[in-house]
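What follows is subunit A paired twice: with subunit B in the first complex and subunit C in the second.
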Partner chain A sequence: MAEVTLEGLRKNYGNVAAVKGLDLVIKDQEFVVLLGPSGCGKTTTLRCITGLESPTGGRILFDGKDVTQQKPAERNVAMVFQFFALYPHLKARKIITFPLRARKASKKHIREKVEWVAEMFKLHHLLDRYVGGMPPGDKQKIALARAVVRDPNVLLLDEPLSALDEQYREEMRWQLGHIQKQLKVTTVYVTHDQREAMSLADRIILMRDGRIEQQAPPDEIYRRPANVFAAYFIGSPGMNLFPVTLEDRDLLLGKESRRLPIPEEIISKLAVTERREFVMGIRPEFLSIAGKEAGEGESCFPATIFSTEQVGNYKIFNFRVDDEIYHGMVRRKGVLEGEGMVCFDMAQARFFNKESGEAIF
Partner chain B sequence: MEESNTLTLKRFIILAVIAVWVVFAMAPLVWLFMSSLKTRLDLFSMPPKFIFKPTLHGYEALFITTYADGTRKVSEIIGTMFNSILIAGMGTILAVALGTMSGYAASRFEFKAKGDFMFFVLSTRMLPAVAVLVSFHIMYARLGLADTRFGMILLYILVNIGLATWIMKGFFDGVPRDLEEVALVNGYSRLWAFRKLVLPMVKGGIAATTGFCFIFAWNEFTFASIITTTRAKTLPVRISAALGKEGLDWAMVAAAGILLIIPIVVLFYLIRKHLLMGMTFGVLGKKE
Partner chain C sequence: MQERKIPRMFSDRAVCYFFLFPTLVLLLFLLVYPFLSLIYNSFFRYSVLRAAVPAKFIGFNNYLFFLTDDYTWRRFVFTGKFVLLAVSIQFFLGVGIAYLFQTKFKGRDVIFTMILMPMMLSPIVVGLFWKYMFNTEWGLVNYLLSLVGLPAVDWLGNPTYSLWATIIADTWMWTPFTILLAMAAFSGIPKSLYEAADVDGASGAFKFFNVTLPLSAPVLIIALLLRLIDSFKQFDLFYALTGGGPGDATQTVSFQLYKTAFQYFYTGEASALGMILLIIIIGLSSIFIRYLTSLGEKQSA
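After this line comes the complex of A and B, so read on.
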């Protein structure tokens, strides 16, 4: 168990800067998820922590001790690879004990550890079978068992569920979270799937293009995205981002400048920035449909709903403003398509600087 | 039913093509072998004889020298054969061993000017031998390496190592890195992972590379004809010399041809299993 610190971590591959200066403290026993679109440097960061890749710049510390120059074997980290990386011609038991045998552990210790890990992952029945023919779910269990069997300082997982079927993925995700809390091992989990990140993370580290865009617990990153990238990337569908203009204490929406009635206090807050153009972000669930007429004081505007999609109990409705497609989410039955008024819950709106994309409030 | 019919037809066509190809490939060899067992008379009879009384006279002429005074001695071709086996064998083994290691490094590690380095390595093989022949001749003479087996082994390592590096790099590229990285992370050394995990997976590649390198070293004539004269003379040089000196005893020439082919056949017979694996490596590499 260890606290992991990255100080100005950089990694170049030739001319490609994969990681461009990462500062991050991962607390002991914390479950951190590196989230971001593919190619943003998540895997590279993970490989630097394991020591499989040596950084171009910056330092890596475990519990305050500089391990930047240490070999992977010296760091006592465990890694789970995307495609399991199992030796198909070996039996599960042999694979699980692989790290223990490297340390020349005693027979007795090995037996106890295997028993312990088999119990935890419920894989007794797999121990004496070859992994070659096993389904992906079982393979992943064995890969996980191999990773945790020797009490690593840090557990690192690179998209461990992406090779599994949807239904199995959910189950493994739940198990993984549960086991991490049991083991109390510092964990860094890499994924491009924001739902996985939302459900597993103590803290999400949202990355883009080799940099951290925001780091926060899931609910905070969801409610208070630090910039338009975070706003759009998190949530399915992501936050709606409307271009808005402030004009004489009126908020105008889109190119057609539809006037949007909104509370006076928001106007005041926007006015102090001395800017005119903003991006207004609002999650689909804070949009609703108000038939033909809007009530007094509600922030509504007329729109044509061109399609809907049922997701469980909810219905996602799609509409356009200036050719951009936006989404709302309501818990309603019946036909929604057609002309109507789309209303915002303005208390939930978030405003971003149009140029920098940073959140204003 | 329909499907199985087309299947058998397809099978038949494939087999037929293979059969034709085998006949084409084998006919000259069979011809060579028969010629090596024929008398001068049978050799030139028209139409060619397929049934004849075999004689070992061609082989006798190859291995035994008859002097003008009638004394017969074992020809120095035995020594030449030994030279060839030693030089081509050692040259191949060392080139493949070194090429395997450098191929691994080229596949797994980044280093400065790697692209240039790899191109240079390959370029050693692109250069026609004649272009550097004179320089080698002079250099070897000055270094005292001319007409030594050691010098020839060095030379064949040099010629083959580039090819070996490139072929082996290709095979290592096909081995997923994950497997050795798991070992590294779990407390094993790079060397352990290389020997125990990676090498067994490229056995086929090593066999194929050995085959290529050996054929080249075994057949090499240009360098050998200039650099060796007596002590380190190799078979191709010796046989071509025999052609000029002793006139055209075609049975002997055919016997020499057979002699040249045998080691290659033996080698490929020994490595055939791995070779097949090497060729289907693309498929194997995908399995995790």
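After this line comes the complex of A and C, so read on.
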């Protein structure tokens, strides 16, 4: 168990910079998820923490001690690989004890540890089998067991659930979170799946292009994205991003300048920035449909809903503003297609700087 | 679209036979007939040189002759020594060198290509090369020995040294083969397994014995098997390098077979000896193949 600090971590592959100066403190026992699209540098960052890649620049510290030049073994970290990386020539028991045997632990210690880890993951029945014919879920359990059997300082997971079927994934996700809390081990988890990130993380580190875009607990990153990238990447569908213009004390939507009635206080807040153009972000679930006529004081505008899709109990409706497609999400039955009024819950709206993409409020 | 009609002059099966026919004829003449006549001849006193003398059926006497003959027994002992020493040296050297080639270093590809060259030469040529290099008076090997102050060795004139001379030449020629197969085996091991072992704190040796070796075992066993069969019937290298000498010190079983068949023309006896050799090789291979299949079944079970 350790606190992990990254100071200006950089990693280049030839001319390509994969990680461009990362500063990050992962607290002891914290569950941190590195989230981002493919190629954002999240796996490279993880491999640097593991010690499988040596950084081009910057430092890595475990509990304040510089480990940048240390080999993975010296750092006492554990890693779960995307495709398990289990040895096909060994039985599960031997795979799980590999880290202990490699460190020449005593027979007694090994026996106790295997018993402990087998109990935790409920894999007694798998111990004396080869992994060859096992379903991915069982392989995953063995990979996890091998990782935690040595009481690692840091547990590192590289998209550990991506090779599993949907149904296994839900179950393993739950189990993973549960075990992490039990073991109280500092955990870094890499994924491109925001649902995994949302459900597991104490803190999400959202990355893009080798940099951190935002780091915050899941609900905060969801409610208060720091920039348009975070706004769009998190959520499915992501946040709607409307180009808006402030004119006098009216907010105009899109190029066609449809006037959107909004509360006076938002207008005031926008006015003090002394800018005219903004990006307004609002999540699909804060959009609704109000028939032909909108009530007084509501922020609605007329739009044509051209398609809908049913997702469980919800219905996602799609409409266009200036050829861009936007989504709303409502719990309503019946036909929604056609002309209507789309209304915004403006208390949930977020405004971004049009040039930099940074959130204003 | 309209279906195009292909005239059905021949059925699929007929076409099949048509293409198989030449191969079958070839196999019959080159494999099946000689093999059957080998078995047949091995039970007769018969020589192709004296075709006028009718072959006389003598049962297993040809076999019994070789199996009880001291001289033949010594050939087997020599062959066994040679096979065991040469193959194990080549195997360890080959696996070791292949392991060294896993790391990237400058000039790796050039050196690798050069190392593979001996394998591409004809054994006769290799034998002649080494014959000159082992020459007692002006050979390169003794010259090199003299540089470090060692006395000249009578490589091809002394029975003990001539065994080593053949082993050295064979090793020089065939180690590359083991290197090649071992490298193929090593490169087939996923990188992530090594990374997992690194994270798990395995030392280089621990990784080699617990990851590299067991995972490349199937291919290494095939390499071993091929080398074993090959060196067991090794003939041309001996023919060119030592001619079986000094005396008969480096005569392998296959060398004796050659002499029996093509110098003395005892066709019946030669056939029997050939059968004995064949049975031994089949026996050896089946041990390996059985081990190999058990290995495969174990891991997929």
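The working rule: the second predicted complex is superposed on the first by the 361 of 361 C-alpha atoms of A that agree within 3 Å, B and C clash if a C-alpha of one lies under 4 Å from a C-alpha of the other, contacts with A are read in each partner's own complex, and residues count from 1 in each chain.
Going forward, contacts are C-beta pairs under 8 Å (C-beta built on N, C-alpha and C of every residue); 3 or more make two chains touch, one makes a residue touch a chain.
Only a predicted model underlies this, so the values are computations on that prediction, with no experimental measurement involved.
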item	value
Three-chain arrangement built on subunit A, subunit B and subunit C clash or fit	clash
Touching partner for A:W174 - first (subunit B), second (subunit C), both, neither	neither
First, second, both or neither for A:W116, with subunit B first and subunit C second	neither
Touching partner for A:A73 - first (subunit B), second (subunit C), both, neither	both
Which of subunit B and subunit C A:F306 touches, first, second, both or neither	neither
Touching partner for A:Y130 - first (subunit B), second (subunit C), both, neither	second
Superposed model, subunit B segment overlapping subunit C, candidates 21-29, 39-47, 129-137 or 183-191	183-191
Common ground on subunit A, meaning residues reached by subunit C in one complex and by subunit B in the other	50-52, 71-73, 77-79, 81, 83, 85-88, 98-99, 102-103, 146, 150
Subunit C - residues contacting subunit A, complex	190, 192-193, 195-203, 206, 210-211, 214-215, 217, 298-301
Contact set on subunit B toward subunit A in their complex	110, 176, 178-179, 181-189, 197, 287-288
Touching residues on subunit A, where the partner in the complex is subunit B	13-14, 50-52, 71-73, 77-79, 81, 83-88, 98-99, 102-103, 146, 150
Subunit C contact footprint on subunit A (complex, rising order)	50-52, 71-73, 76-79, 81, 83, 85-90, 98-99, 101-103, 129-130, 132-133, 146, 150
